[in-house]
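Okay, so here's the structure we're looking at.
Which chain is which? They are A, B, C, D and E, in the order written, and residues in each are numbered from 1.
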Amino acid sequence: MHEIAFYLFAGLTLLCGLLVVANPFSRNPVTSAMFLVLCIVSLAGLFVLLHAFFLAAVQVLVYAGAVMVLFLFVIMLLDIKEEERRKLRPIGLGCGILAVGAIGAILARAYWYYSPKNLAGPVLEGSTAPLGQVLFKHFLLPFEIMSLLLLVAMVGVILLSKKDLR
Amino acid sequence: MILELAVIAVALGILLVDLWTPAARKVQLGYLAIAALFAILIGSFFIEAGPNRHAFGGSYTLDPLALFFKQFFIVAAIFVLLISISFADRIAVGISEFYSILLFALSGMMFAASANDFIMVFVSLELITVSFYILTSFQRSRLKSVEAGVKYLIVGGVASAFMVYGIALIFGMAQTTNFDAVFAAANKFYSKPLFIIGVVLVIAGLAFKIAAFPLQIWAPDVYQGSPAPVTAFLAVGSKSAGFVLLLRMLFSAVPEAVFDWSQVIIVIAALTILYGNLCAIPQRNLKRLLGYSSISNAGYLLLGVAAASAAGSSAVLYYLGGYLFTVIAAFTVISILTRQADDEDISIVAGLHRRSPLLAASLALAMISLAGIPPLAGFFGKFLLLKSIVERSASDSRFLVLIIITLFGVVTSFYYYLGVVRAIYWSKVVPDYSEIPLPLTARLSLYLCIAAILFLGIFPNSLVNMANAAVASLRF
Amino acid sequence: MKVGLEHYLIVSALLFCIGLFGVIARRNLLIIYMSLELMLNAANLTFVALSRFTNNINGQVMVFFIITVAAAEVAVGLALIVALYRKRQTTHVEDLTTMKL
Amino acid sequence: MEQLENSAWIVLLLPLFSAVVITLFTRRSGRVSALISIAAVLGAFLITLGLIPLVRQSGFVKVPPLNWISVGDFRIELGLLLDRLSMLMLIVVTGVASLIHIYSYAYMKGDPAFSRYFASLSLFTFSMLGIVLSNNFFQMFIFWELVGISSYLLIGFWHGKASAANAAKKAFLANRIGDFGFLLGIIIIWTLLGSVNFDHVEQRLITNPAALGAFAGLVGLLIFCGALGKSAQFPLHVWLPDAMEGPTPVSALIHAATMVAAGIYMLCRTFFIYQASSAWPEFLSFMNGITALEIIAWSGGITALLAALIAVQQNDIKRIPAYSTLSQLGYMTMAVGLGGTSAAMYHLTTHAFFKAMLFLGAGSVIHAMHHEQDIWRMGGLKKKMPLTYWTFLLGTLALAGVPPLSGFYSKDAILAKAYEQHTGFFILGLIVAVLTTFYMARLFIIAFLGNGRSNSAAHAHESPRLMTVPLLVLAVPTVLAGFFGLESYLSKDASHAHGGGINELLFGPINHAPFAALGGILAVVFGLFLAAGLYLNANRDPLPLKARGLARTLRNRFYIDEIYGELIDLTQGTLARLADWFDRWIISGLLVRGVHGTTEFAGRALRLAQTGNLQTYAFLLAAGIALLLLLVFKP
Amino acid sequence: MSILTYILGFPLLAALAIAFIPRNYRFLIRLVSLSAGALSLLSAIAMFVHFQTGAAGYQFVEKRVWVEALRISYHVGVDGLNVGLVLMAAIVAFAAICAAYEIKEREKEFYLLLMIMISGVIGTFASLDLFFFFFFHELALIPTFIMIGVWGRGEEKNYATFNITLYLSLGGLIALIGLIALYLQSGANSFDIVEITTHLQNTPLPEAAQKFIFPFLLLGFGILVSLWPFHTWAPLGYGAAPTATAMLHAGVLKKFGLYGLLRIAIPLLPQAASFWLDIVAWLCLGNILYCGLVAVRQKDLNLLVGNSSVAHMGFVFLGIASLSIVGVTGAVVIMVAHGLLAALSFALSGYLYNQTGTFSMERMGGLMQRMPFVGAVLIMCMMAGCGLPGFANFVGEAMALFGSWDKYKLITSLAVWGGLVIGAVYMLKAIRSIMHGPMPEDLPATFDAGPVRKIPFALLITALLLFGIFPRLLTDKIEPSAKGILAMTKSKPVAVAPLK
């Protein structure tokens, strides 16, 4: 059951991820955005499999709910058409694949052979209470910095996107 | 902690006061900020720092290193604010927001100076980075500024993705994110590939901040596009924040004994030096030139890191101290010059010695100090850095190669730094000889910088002692 | 085959690479941005998996922060893209080469 | 006594003092300068005369030296060496110099650089006295060089004239080539023997003749190089004829009487090193069996013959005596090479007097002819300038070696030595004697006898008294020097001295080596008749018609100057061009500019990566990270 | 305070004062500079006179801790080796200030830079601390750069400026690496030369360490002294430099590398030195013969002088390489003598350039008639340059040659040729084409030096003659110090000590 769910969600995540960046049928940003939503939701599924229920919820809420809406909003606002099919540079693409492939190969190989085997196993139950405890005790400072970050982002976004120039 | 809180309070205060300040006087909020920062700076000298002063479960530390950098950042911010005040007329919207975001970035840097936990590293870095995304594109009526912002954003995003990924790996192996705990667990994951990959990815993420290989490529574009005060702050503050994090991570979480990361740093340093110096040779845009120069300086600074010794780290601190004033002086001049001519080509400095001897002397001194020639601060910094790697070279021939590359880089850098000096003092074509009016703030900033460059070059003793004391809490 | 830590990690690695590839290959800033989100999400998956298998909640805290940062970055990024679009009527990176060499 | 010895220092320093005073203070006033200079050299001469008894008594006076440099083993003590040899030379130098100073006062009158002339002349006198009085190799080298520079200054006195400037340069360079050997020789002597003092070196060589080891022969040759340059011996003889571009009194002083004799003097002074073994270092092993002295003798012989031949076809009233000087110096060198140092010194002394007289006579003629030097434009000067005529005649005869003039005795001494040592040299000597008589007679006949061939010859008149008096004074030793048996004065063992009376003095040569004396006299007679037959009443030189090629070759000095020109151009010139080319194109071009260009090119190439396109950036940073990962993790 | 501090302090004070004098007070600026130079010179003469010949150790010492953490101290003092050099530097400095008379625009900057350069130049030779030794040398780098750039002449000025600056900085940096390595390896934990020397006398460096450090020092110093084949910067740079700069640089600053070799590299790293000096001896032929021949071909007076100055450096290298007391003493004498000579040569060529407007010797000629004083000085200068006795150069060169024949027979023989013959060829050529012969018609009106402008020439030529006629003024002082250095080269290292 766990295995089936894993392969389902994992496959879906990867497929959707791929369709975000390299959709052979559509180069429309909206399509990409929709697949990103799908990708994120299936990722949330993986989170659930890993018993990180709170994070799964946050993932769906923040990403699928807020971030993606923002994306779509901007796409609509700017009325961006389908990405023009400009000439692909095969050398550039090849190099890109090579570089990415190298990183991917290194990571995958390292994971496959060197993942820690002597761990406790899938034990952590990601219930919300301990998470909150750690967050507000141990990591209160980063949490507060996050609030600053959001403030800065807010101020910045207003400044950058306000239409009239005072 | 009180220092950061004070800075944040000032930043918030400015945002608030802005509401009741008439538009014409908003620029003067800068003086308020400077006064406040100055008070904080003075206050910082009464704060006691010690190796065991931790907070929040060890994720925040206030050791001498942290305090040193906090003071460093405050000084940098004061100077950047000084430049900003005279730069204000070129910012279309929200000068007070500009100030406050600067201050938020400052607080991020100050948090970074104290970060003792990978989560803190990430969070404080993001605070700095996001602030800079905004600052960089603050002149949004200029396409270049926005373009710089976008580039900074994308490259920064990739960098933080890599860093986060690296942190994840380190976390997985060490089962903790706290530096001290990672260090304590060092034996457990000794030479585990995943851990090593994690560390390399974090180094890469920090390389973005310090503009070093492999994430140096944004620097010239962003330096060119950003408003001059922001570029100055990027060059001084952001880079130093990267270095304090690098030093702290490498020397308190992952000492060299865990794995031989010096190989990585050596390669990064060598490539950074080569890239920065070589690319700068044909460069004619002043700000872009300083962008490349910033890359090469990151390379020199990495020498001190690569040396993996107390001498090396204190050399990094000293060098940054000199670099601060040098870069500020250069950008003060550039920000004034670019106001005069809406052009950043090197030819705008032609005849500067007639138009404004002070500007000419400041820029020339800055360039000479960057080139590392006595009796200026840059020389002593380079001297210390070289000393730290020569120390290693006797037993390790990789450092010998590094020395040779460094020498090559330094000599190459003479070419373009002195090219600026030449442009100032003996250009063939001088477009005009009109005098350049100097705002008082700029004058003040230049005098202070010149004094500091000379002082640090001629009497390095005090800063050396401070730097030595500051690095004492690191583990080598 | 029993699904273990390495499976999750490999999925994350692949997702990360897909994201990275998107950044490299795509020209539209918005899609590049989405690819960046993919990369961050890959990191998230790593954290969650490692957190579960090492019995350490700190990983989840980190994910929490990453999601927040991603949101903030997206906000700023999109604002920038809007500002850019207003100036230049484009979201293509190839058009962003006024500064080079 | 002590003061008397130290007065040698005064002899040496008086001319220097005069030179310095003139240079610093009296540059503006020529008369004062001249008087100072003349007074100084006369003073030196008088003190020298006063010193004679001192040397006569003890034979060898050592003046306490000054410690000039003392570093490790390198101790240079400037000292004065007064013995018979240097005393003789001292008399010659101060004596001739005094006369020439006086002569110059008249000859150079009206020259704008009168003071400079006398300053240079004083400097020269000082340097020459320095050579004479030196007690060690190093000091001698110092004055050797100073003589070189003062001769340079005097030859190039009329430096506005290109030919004079070139001649000065040539003289200095030729001397420098010789000095190269001289200095190297001194260096080797010092390195091997640890001292440069003449007496120390001599002592060391006496106690251990093999002290110089394999370098003995080489050292001898190297030291001889110095003489080669200064005494203008083949192959470094080319500068001397050109040096006649200088004022005539200078030619008389430097290039006839004193400086060119310095080489001979030096060889005699350092003769002890030739008595050591003549071994050669390995790379010169083909020289084994040949002694340095043989080479010296051959060099002298060749010079004597060559110069005499060339003199036969010269038409310049100064160049003929100049080549004659070369030839006579060759004689002396040959004598040294054959071991006859006293003969050489003997000839040197007599030659100094009569050659100076000849030059001064020539100067008088030139002065009278308004600087006309071509003998074919003279003639009939006998009546116009009787004093000059008679003294010139005396000099010619002395040079030719007509008994009982001094030249006969000294030349005979050399011929006798040659006869005793080596028949080849004897025959060579005889041929040169014939030629000497021939060319001098030719000069004399053309210039003084017959009728005037030009306007200036017709209007010539006798020179002023200040010029003729020195001529007359010089005539005295020309006639008498032979009678004093200077040769014996020189030899160190007193037993060799003449015991006999006037008879022995006059006919000594014939008694000792009758064949040599006879041969000498016959050569003179033969030469005289040849010249008289060809040139009496001749208006043009008949020789070029009779032996066209030979004459042209002679007139062109065997093309030696041209050959040297080509040779120098071929060697040093080519090397210099090569070095310059290499410097310009390889070192500063290919290497320096190459490194510079490559760096700049690398920069321009590398920054192409900075395309401004984010896609490129993303790719590059991914590749960079991949590189770093590969560095630490090898899959 | 030591008199040395005064000697190098006066110019620095003058520089400071000039910085505050308004730029149109030209006379005052000149006066301040001249009086600072004169005070320096007088102090230097006083120091030279009061120097106790043969006394052990250093004299006129002053030591102040500067950076305690690194044990860097401001430490000045003289022994026989550098007392002459300091005096020579002060003489040349004063002459250079006089020669700066030719500068007619932006005097303030020029004199300011000149004074900084002078104090750097003097400080270099007075320093007894590795750091300051280097520091003072580099202090002169930027003034040199700007002075050549702004007040320099010739078409290739820009290239020459950068060429010389980059070359010198490269040499300086390489030497710096060597100095740092020496500091680190010596174990004395101090930059103080005296302390390092005493420490290494007791515990010499292991051979491996010496072999590591010496090449850096040799290469760095070699570049700075224009050792063949790293010499091309010198003629080019000096050719473009204004007179005063060329005088100071060619005369004094260039001796930095030689002094460094003698004071530091050779006594402290004797084993490595004995290996490398054989190579240096061969390279010095590159200077003496090769650069001499290059000089022969030059048509530009400044290039000729520049190349000849490079050629002269060969004798110093030869003397040093001989490692004999005579050779080393001779080398130091040449350093002093050549300093004066080079300064004089450049002063003369600068004067001629000012008068004729050209450096091309083909366009000059017969100037002796117009300028007897300058002509006489030029002839004396050229003669000193080809080693005429009476001038200090002869003493030095002769001693270097005497000292080295035993060790390098062929090289010395060739060097004698280079010194006596090749040197004479180009020097005479210069005299011939500038001073002698007929005067070209298109030459502008030229004048002999007036009384004021005679001062630098007279000063330098007097000094040359003084040391040439009374060489013991120098040699007696040098010998004991040179002996000390040579004694150190005989010391043997500890058998096999591992590297730190």
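Quick note on the criterion: a residue touches a chain if its C-beta (ideal position, glycine included) is under 8 Å from a C-beta of that chain, and two chains touch if they have at least 3 such contacts.
What you are looking at is a predicted structure, and each value in this text was computed from that prediction instead of being measured.
Looking at chain C and chain D, the chains that touch each of them are A, B. Geometrically, the chain at the heart of the complex, using CA-atom means, is E. Chain centres were defined as the mean of their Cα atoms; on that basis the chain farthest from chain D turns out to be A. Across the assembly, the mean Cα position most removed from that of chain E is the one of A.
With centres defined as mean CA coordinates, chain E is found 63 Å away from chain C.
Note on chain placement: the centre of chain A and the centre of chain B lie 31 Å apart, centres being C-alpha means. One inter-chain figure worth recording: chain A and chain E are separated by 68 Å, centre to centre, where each centre is the mean of the chain's CA atoms. With centres defined as mean CA coordinates, chain D is found 76 Å away from chain B. Listed for chain D are residues 607, 610, 612, 614-615, 618-619, 622-623, 625, 629, 633, each touching two or more other chains. Listed for chain C are residues 16, 19-20, 23-27, 32-33, 51, 53-54, 56, 58, 61, 65, 69, 72-73, 76, 80-81, 83, 93-94, 96, 98-100, each touching two or more other chains. Taken residue by residue, chain A touches two or more other chains at 96, 99-100, 103, 106-107, 110-111, 115-116, 138-139, 142, 146, 149, 152-153, 156, 160, whereas all remaining positions touch fewer.
Every pair of chains meeting the touch criterion is listed here: A-B, A-C, A-D, B-C, B-D, B-E, C-D, D-E. Interface of chain E with chain B (complex): residues 66-70, 109, 131, 135, 138-139, 141-142, 145-146, 149-150, 158, 161-162, 165-166, 169-170, 173-174, 176-177, 180-181, 183-185, 209, 212, 499-500.
Interface residues of chain C, counted against chain A in their complex, comprise 1-11, 13-22, 24-28, 30-31, 33-35, 37-38, 41, 44-45, 48-49, 51-58, 60-61, 63-65, 67-76, 78-83, 85, 91-92, 94.
Those residues of chain B lying in contact with chain A across their complex are 8, 15, 23, 55-57, 59-60, 92-94, 97, 100-101, 104, 107-108, 111, 119-120, 122-124, 126-127, 130-131, 133-134, 137-138, 140-141, 172-173, 192-194, 197. Across the interface of their complex, chain B is touched by residues 599-600, 602-604, 606-607, 609-610, 612, 614, 617-618, 620-621, 623-625, 627-629, 631-633 of chain D.
Those residues of chain C lying in contact with chain B across their complex are 16, 19-20, 23, 29, 32-33, 36, 39-40, 42-43, 46-47, 50-51, 53-54, 56, 58-59, 61-62, 65-66, 69, 72-73, 76-77, 80-81, 83-84, 87-88, 93, 96, 98-100.
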